[in-house]
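Notes follow once the structure below has been shown.
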Amino acid sequence: MMRSVLPVLTVVGVIVALWYGAAVWMNAPWARDQAARAGVELSLSELVADTMVQERPVLPAPHQVAEGLWTGVTGQKVTSKRSLVRHGWVTLSATLAGFAIGAGLGIALAVSIVQSRAMDLSLMPWAIASQTVPILAIAPMVIVVLASLGIKGLIPKAIISAYLSFFPVLVGMVKGLRAPDAMQLDLLKTYNASGIQGLWKLRLPASMPYLFASLKVAIAASLVGAIVAELPAGATSGLGARLLSGSYYGQTIQIWAALMAAAILAAGLVAIVGLLEKVVLRKMGMAR
Amino acid sequence: MSLHEAPAIEAKEVSLTFETADGPVHALSDVNLTVARGDFVSFIGPSGCGKTTFLRCVAALEHPTEGLLRVNGLSADEARRRRAFGYVFQAAGLYPWRTIAGNIRLPLEIMGFPREEQDRRVEEVLELVDLKGFGRKYPWQLSGGMQQRASIARALSFDADILLMDEPFGALDEIVRDRLNEELLKLWARTGKTIGFVTHSIPEAVYLSTKIVVMSPRPGRITDVIESSLPRERPLEIRDTPEFIEISHRVREGLRAGHSYE
Amino acid sequence: MSWASGSWAAGALLFWLAAWAFNSLASARWSHLAAVRLLIPALFGVTLLVLWEGMVRGFAVSPVILPAPSVIGARFAESLPILWGDFTQTIVKGALSGYLMGCGAAVLVAIAIDRSPFLQRGLLPVGNFIAALPIVGIAPILVMWFGFDWQSKAAVVVVMVFFPVLVNMVAGLKATDPLQRDLMATYSASYGQALVKMRLPAAMPFLFNGLKIATTLALIGAIVAEFFGSPTRGMGFRISTAVGQLDLALVWAEIAVAALAGSGFYGLVALVERGVTFWHPSQRR
Amino acid sequence: ADAVTLQLKWVTQAQFAGYYVALEKGFFSEEDLDVTILPGGPDIAPGQVIAGGGADVVVDWMPSALAAREKGLPLVNIAQPFKQSGMMLTCLAETGITTPEDLRGKTLGVWFFGNEYPFLSWMSTLGIPTDGSPEGVTVLKQGFNVDPLLQKQAACISTMTYNEYWQVIDAGITPEQLVTFKYEDQGVATLEDGLYVLEENLSDPAFEDKMVRFVRAAMKGWKWAEANPEEAAMIVLDYDETGAQTEKHQVRMMTEVAKLTAGSNGALDPADYARTVSTLLAGGSDPVISAEPVGAWTHAITDKALD
Amino acid sequence: MSLHEAPAIEAKEVSLTFETADGPVHALSDVNLTVARGDFVSFIGPSGCGKTTFLRCVAALEHPTEGLLRVNGLSADEARRRRAFGYVFQAAGLYPWRTIAGNIRLPLEIMGFPREEQDRRVEEVLELVDLKGFGRKYPWQLSGGMQQRASIARALSFDADILLMDEPFGALDEIVRDRLNEELLKLWARTGKTIGFVTHSIPEAVYLSTKIVVMSPRPGRITDVIESSLPRERPLEIRDTPEFIEISHRVREGLRAGHSYE
C-alpha cells in the first residue's frame, strides 16, 4: 500500500500540471472575448489569472474543482440537499444493489451457458443484442412501467444498473469457466463427476482471475448505470441528478465536483474489488 | 451374471485418427487386445506410438474412430460412468488452487466419501508416496517428482476397479521407484485390481506385469504381446533370474523392431 | 382481459414452450451442424418476438409505451433511408473511430503499465478513476469541447471503452506462467522481445474479453452522447426526438438497428478472437 | 384524501411554482387532495408517463400534446395557467443578425424532444429551410445549457425568457450584446405549460371532481406565487432535492414566470388555442399536426373550478 | 584475461530457503561445487532434493539466500545476460500459440539469427530429436515424449556456452534415449560445451558424465562428487566394463545413503 503512494502522487501531479495548462489554454478565449467586449487589453499574467477564477470555465482549474468538492462534502451537514455525501450515498446504495443483481445474474447466465449447449446457442446472441439497446433511451420506459407495477425507489435504479453490469460479468465468466485445460477436465471425467461438481471443483476456481477482472469493470458499470437511472427516476437526488442539474444551469464547477465524486466513488469500489481479489487469490494459493 | 466373466478390457480392430490442420494423424491402427480381470498389463513403445491414446480410449476420454472397445463388458463410457477408473496422467495435472492434500481429496469429495474417511485416506496415500508433511503445500511449491507422486496418490486414494497409469514413475529416482513398484505390486495383490501401466523402462515393465504390450508408431500398432511366466509373488531379486532377463530381451527386440523401419 | 386477447397471450406462451423444447432437443442432437447453430438463436429470437407481440396484443399495451414487433417492423421498412443515414453518422463515424482510438490507447497504456511497476502503481488507480466518469457527466463536457458532430461522440466512446480494455489487458499481460517467463529469462530476452513473443500472445484471450465488452459500450456511448447535443441526424438524436414525439415505433426501429449492428460488430470481434486465440483451451474443440 | 400524481415537464424550478406553493401552503389539502409532484427531466415524456399510468395529470406544451393526440394518445387540456409563451431565440449581436431573414446560413441551437415544433413552424412560416443548405439554417440539437452560444458553436440558441436568457446574462454577456426574437412577437407563439389528462378518465365523475379541486387549488397557488415571488421561489428551492438551484436565479425566474401567467385565470382562451393550432398546421411540407384536432381541450373542469 | 581460466560453475556455501505459508523450506544447504569448463556434470538424487533448484540458481532464475555462486567467472545474472545458458526445463513448457517449429525458432528469433539460418537450424534439430514432419503441429497435438523432445530441440538450436538439462530424457524410451545420449556426447565432444544434467538413471549419469554429483534431501546437500575415470570417447559398450559398473555402484550407494536417514 505505502509503496503506491509516491507513484500515485507523481501521476496525479503530472495530471494536475497538464490540467492547469489545459485550463489556461481552454479558458483563455473567453477571457479575451470578455476583455474585447469590455474594450480592454489583458496582459499575460492577467489573462492567466482570469482563466483560474472564471465562473463558467470551459475547463475549471483543479483548485476550483477541489474547492467545489470540498464544500460539497464538508460545507454542510450530510443530510443537507447540497451535500455530496448524501447524494453519493443515494447513488452508492443503488450501485451496490445493482451490482449484486448484475453480478449474480451474469454468473448465473454464464454458468447456464457453459453447462447447457441450448443456452449457449440461444442466449448469447441475445445477451449481446440486449447491450446494444441504448439504456438512456429505454430507462424512462422501464421506470414508467415499473412504477405502474408499483415498484419505485431503489429497485428500478438497481435494475438499470444491473442491466449494464451483468454483461461484463457474463462475457468474462463464460471465458473463465471455459479456461480449464483438457487434462483438468479429463481428470474429472475419469471420476465421472457431475456437471455441478465440475463447476464447483474446477470451473469456478479456474475462472477466478477472469471473474475479478470482470467484476472490476462491472462495478464501474453499475455506478454508471445507477447514475443514468437517476435521471428519469425523477432527477431528484443522487450524483446523477446533481450532474444534470448542474448542467442545466451551466454550473460547470458543480458538474465537475459531482463528476469527481462519482469517480472517487468508483475508484474506491474498484479498489475494494481489487483487494478482495488479492485476498481470494492468495487464499486459493494462486497469487505467487 | 455374465458381466463377471467379461474381460476387463477388450479391444477389437480399434483405430483412431486425429484430424489436424495439416492432415490426419493415425494414432492407433487395428489394435486387438484382451486384458483379463486382475491382469497387470504394461504398454511399452517409442514416444508417440499411441500408448497414451489407447489408455485414453479405455477411459472413454477419447473415442475410437473405428473398432470395438469394451471395458468390464460395458462400453467404455458406461464403465466411466460407473467410476471404474483411477487414472494417473502423464503430466501431474494438479489443480493449482488446491493444496496437495486438497488435490488428493478431490476424487473423494466427488465420490461422496465421509469427511473422516477422506482425512484418513489422504494421510494414508500421502505416506504411501512419501509426501507426509507436504499436504498443506501448493503444487508449485513441490518439485517435479513430488508433483508426480501427488498425482499417483490422488489416483490411489479411492478404490477404482481399473487403475490406468501413464508413465507414473518417469520422474522418480531408482530407489523411490523400486519402493513404489513394490508397493504397487502389494496393492495389486491385495485388491485384485486390473492395472494398465505405460512405462519406458523395460525392467519395470517386466518386473510388474503379467502381460506386456509392445507397440510401434505411425500408425500405432501392437507388435507383440508377451505373457509373463514370472510368478505373481515377486521379490526385487527376481530381476536377476534368467527368466526375467529373457523376457526383457524379448521386449527389447520388440522395441527395436518398432524403431527399425524408420 | 377479453377472450381474444387472452388467446393471444396463451398462444404466445404455447409457442414459447414448443420452441424451447425444440431448441433443447436440437442443441443436444445436431449442434454440430452449422445451420442448426444459426437456427437455434434465430428461433429463440423469434420466440421472444412472438411472446412480445402476444403480450402487447393480449394486454392491449398502449403503443406509446411499447409497440408490437409487427408495427416496429413496418416502421423499419418505411424508414430505411433515415435509418441508414443515422447508422453511418452514429456507428460508422462515431462509434467505430472512437472504438479504434480508445482500444488502441488502452492497449498502449496497459503495456506502459506492465512495463513499469511505478506506473502500474500510479496509473492503475487513476485508470479506475477514468472508468467511472459517468457518461452523462462527460458527454456534455465533451460536446462542449469537441463540438456537436461525430468527433465528440467518438471522444465519449474513447472514454467509455478505455477502462474495460485496460483492465483486461493488464490482467492478460500478467497471465503468463512462471515457466514461460523463466524461458525468456534464460534467453536473456529484452523486454520488447518478451512482450512480443510471450506476453502479448498470452494476453490475447483477456484482451478479446475487453474488446468484446467494448463493442457494445461503444454503441451505447455513441448513441447516448447524442442526447447531449448533436446535428439533426444520428441514432441517438432520432431516438430522443422520437420519444419526445411519442413515435415509439421509430424508437424501436432504431434500437433494432443498434442491436443488429452491435451483434454484427460483436460477432466480428469474436470471429477475429477465434482466429487469434485458437490455441486457448476455451477455443479448442 | 384523494391521491393525485402530477408529472412536471422539467426539473423542479420556479416554472412550476404554483403547484409547489399549493402543496406547501396546504391549498391541496384544503381540497382534500394528497398530491405527489414528480419532477421531469430531459428524457421524460409526460405523455408516456400518463399513458403508463404513472401520473393522473401532466404539465406539457400544447404542440407536443396535440402531436401526441394525433399519435393516438388522447390528451385533453383541462387548464392553461400560462397565458403567454416564454420561448425565444437568442443570438449574439456580433454575428450581425438583426432580423429573422439574417438567420439564413447560420447555425442555430434548437431543443428537440417534442420542443422543436414551435421552431419548425416558425421557420416554415418564414420559408427558411432547416436542412443546412446555404440559404437555409443549420440546426443543432441543443443540450440543456447555453454553452453553444458562449462557445460560439451556434449563432443563436433557444432560450426561455425566465431561464436560459438569464444564464447567458449571468455568464457575463450584456443584453446589448444580444439580439432576441420572442415567438410571441413573431406571431408564432404556441401555448406552453398546460395541464393535460387522459380523455377516457374525464368520463369518470369522481376523477373529474378530483381534477376540479386540483385545478382550483393549483390556480390559487399560481396567484399566490405571482403575488409573492420571493417566498414562492424559496418554497421551490425547498422542494429541489438536488440542491442545485440558487436563490437569485429562482427569484428572478419567478418574476419572469409571473409575467407569463398573469393573464390567465386557468381557463384556456379558445383564441390562443386557435392561434396555436393554425401555427402548427402551417408547418409547410411537414406540419406538426395534419388536421384540426377535435376535443383536445375542455372547459368542463375550469368552469366548475373557477365559478 | 583471467575470465578464461575461471571455472564454468563455482558454488561456495550456497544455501537457499523458500519461505512458504507454513514455514521455511530448506531446498539447498551449504552446497560447494566447482565445475570446470567443458565438464559434463550430472546431478542425481531423490525427488525433492534440490537438483532443479540448484540448476535454477546457476541460470539465475533463483537466487541463493546465502553463499557465492559464479558462472564463467561472472555472477549468474551477468552470465544469463550474456546468454550463456541453454536450459531444458523439467516440463516441456512449449508456448501453445506457436507451432513446434515456431517454438524451436523462438530463441533464434530472440538472438537475432538470420531467417535462413533459423530455418536451417530448426530443420537440423527437429531431425536430431526425431520430430521431422511435426514442425507444423501445435504442442497439444503431440505426445508427452514428443513435447519433451521438442523442448530439447529448442535448447539445442542455439549455441549456448552452458547447457542445463533437467531430466530431459525422462519421458523417452530406452532406444531413443540411447540414441539421444550418443548424440549429446557427440555434440559435447564437438563443441566443448559445459553441460549440467539432471537424471534419475544411474547408468545414464555414469555413461554421460565426467563428474557425478549425488545429492540428498531435506535440506538439499551434496553427499558425494564422483570424478569419472572413463575416457571421453565412449561407445555404448562401455557400459559393460568393470569400471563403469564400479562407478555405478558408488553412485547407487550414495543414493541409498541419501534415502536411508528417512
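To keep things simple, chains are lettered A, B, C, D and E as they appear, and every chain counts its residues starting from 1.
Just so it is clear, a residue touches a chain if its C-beta (ideal position, glycine included) is under 8 Å from a C-beta of that chain, and two chains touch if they have at least 3 such contacts.
Note that this is a predicted model, so its numbers are computed, not measured.
In terms of the stated touch criterion, the partners common to chain D and chain E are C, listed by label. Counting C-beta pairs in contact, the chain pair with the largest number is A-C.
The chain with its C-alpha centre at the largest distance from the centre of chain E is D.
With centres computed as the average of Cα coordinates, no chain lies farther from chain B than D. Averaged C-alpha coordinates put the centre of chain A at 52 Å from the centre of chain E.
Centre-to-centre, using mean CA coordinates, chain B is 49 Å away from chain C. Averaging Cα coordinates per chain places chain A and chain D 35 Å apart. Shared interface positions of chain D, i.e. residues touching 2 or more other chains, are given as 42-43, 45, 48, 52, 143-145, 147, 151.
Within chain E, contacts with two or more other chains are made by residues 91, 140. Shown for chain A are the residues that touch two or more other chains, namely 58, 136-137, 140-141, 144-145, 182, 231, 244, 247, 288.
Of all possible chain pairs, the ones that touch are A-B, A-C, A-D, B-E, C-D, C-E. Note for the complex: chain D touches chain A at residues 11, 38-45, 48-49, 52-54, 143-147, 150-151, 167, 170-174, 177, 240-246, 249.
For chain C in complex with chain A, the residues that touch the partner chain are 23-24, 26-28, 31, 37, 40-41, 43-45, 48, 65-66, 118-123, 125-126, 128-138, 140-141, 144-145, 163-164, 167-168, 171, 175, 178, 205-206, 209-210, 212-213, 216-217, 219-220, 223-224, 227, 235-236, 239-240, 243, 251, 255, 258-263, 266, 280-282, 284.
By the touch criterion stated above, chain A contacts chain B in their complex at residues 183-184, 186-193, 197, 201-202, 205-206, 208, 284-286, 288. Of all the residues in chain E, the ones that touch chain C in their complex are 56, 59-61, 80-83, 85-87, 89, 91, 93, 95-98, 106-107, 109-111, 138, 140.
Residue ranges of chain A in contact with chain D, taken from their complex: 30, 34, 37, 55-56, 58, 80-83, 87, 136-137, 139-141, 144-145, 147-148, 231-232, 234-237, 241-242, 244-251, 254.
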